[in-house]
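Scroll down for the structure; my scribbles are underneath it.
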């Protein structure tokens, strides 16, 4: 492949994400299977009521790491295209934090590649989440 | 659960399917993970160029079998909601034959439940696909 | 005489959306399958076929009753 | 004196978006980590933390050069 980022669309966005935009980026006549993951803000975490979340990113490195994951998924699972969009800023309950869209000739690699991307994103992409509750706030995953 | 079909939306449709409609049916404040599968018409099958496909369904039984699968996925994987929409009629290359949307508290069951639904659908739901090529047509899967 | 509905390749084999068979009432689904294969040998060339009775997959042992809705289900290909 | 950028809980520990450390040039990333833990013991209470050097995760053996962009990466929580 000439351009190593061919068919890869990575975005870090301060405004609402669109499933349709991600879907339209990956759809292709050669592909029979599209798989999507959308991560939304839950009203409960570990039994506590959440009022909203704040996402902070080290933006240039977050985009680099997201691109590495998208390219690895495309290459390792033989996907046609990958869209990976992540929000920053304050998000209300029910809002969308991340959307992943992948396309492939058959469905099995689409499911596997899509799940690989969200699993890796949670391990390596420098994005942090501050959870706000009625009685205060804390950064998730920071302390044991 | 009082209504066994609670949070289940099964449709067999002669007109275009909408990812957004399926997504909006399953989204819920208690859910952090939404997984979607969209099956589209490919331009090539087993190396041959396809011009279009015709989907025929035994409608009342297809809806019953789709509902059974959606309910089984919701119950077995602990999903919150399932939308399962399937097309009938003539579909052009790139058009959408099926959309599955599921929501759950965490992401792993969403992926597993969504993949279960498309795998089962292809085994048991009375829908048939006639593939049209430049040189004729045939029913898929019918003959060895 | 009972009407049996046909879809997909079964419609091509039957030459239309319905075929009819005699003296099915009281017989098993297995006997219906055998009667079909005798009358329309092309069903034997399929990967497989199932029988739906009143909108549910029927087991070989089930007995056919007057008024049953019978449908031939050739290999499915949804999705 | 080199500026080290802080995000998430690291910003709370540092009391702002940057902290500064002396005499880092030529030292390893491992030595930077030790210096951080001496000056800000609260980093020792985290599950873990990584160092990014010029927008890439840095290994403990890498040497810090003048002009490097250094960032403390506390446990991430995207998605």
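Things worth noting here:
Just so it is clear, A, B, C and D label the chains in written order, and each chain counts residues from 1 on its own.
What we mean here is this: a contact is a pair of C-beta atoms (placed from the backbone, for glycine too) under 8 Å apart; a residue touches a chain by one contact, two chains touch by 3 or more.
Just so it is clear, the structure is predicted and the values come from calculations on it, not from any experiment.
By the document's definition of touch, chain A and chain D have no common neighbour. In terms of their C-alpha centroids, the spacing between chain B and chain D amounts to 48 Å. One simple way to say how far apart two chains are is to compare their mean CA positions; for chain B and chain C this gives 26 Å. With centres set at the average Cα position, the gap from chain C to chain D is 72 Å.
Residue positions of chain B with contacts to 2 or more other chains are 39, 118. Pairwise, the chains that make contact are A-B, A-D, B-C. On the side of chain B, the complex with chain A involves touching residues 19-20, 23, 27-44, 93-94, 105, 107, 110-111, 114-115, 118. Interface residues of chain B facing chain C in the complex, by the touch rule stated above, are 39, 55-58, 60-62, 64, 86, 97-98, 118, 121-130, 139-144.
Interface of chain D with chain A (complex): residues 5, 7-9, 12, 45-47, 52, 55-57, 71, 73-79.
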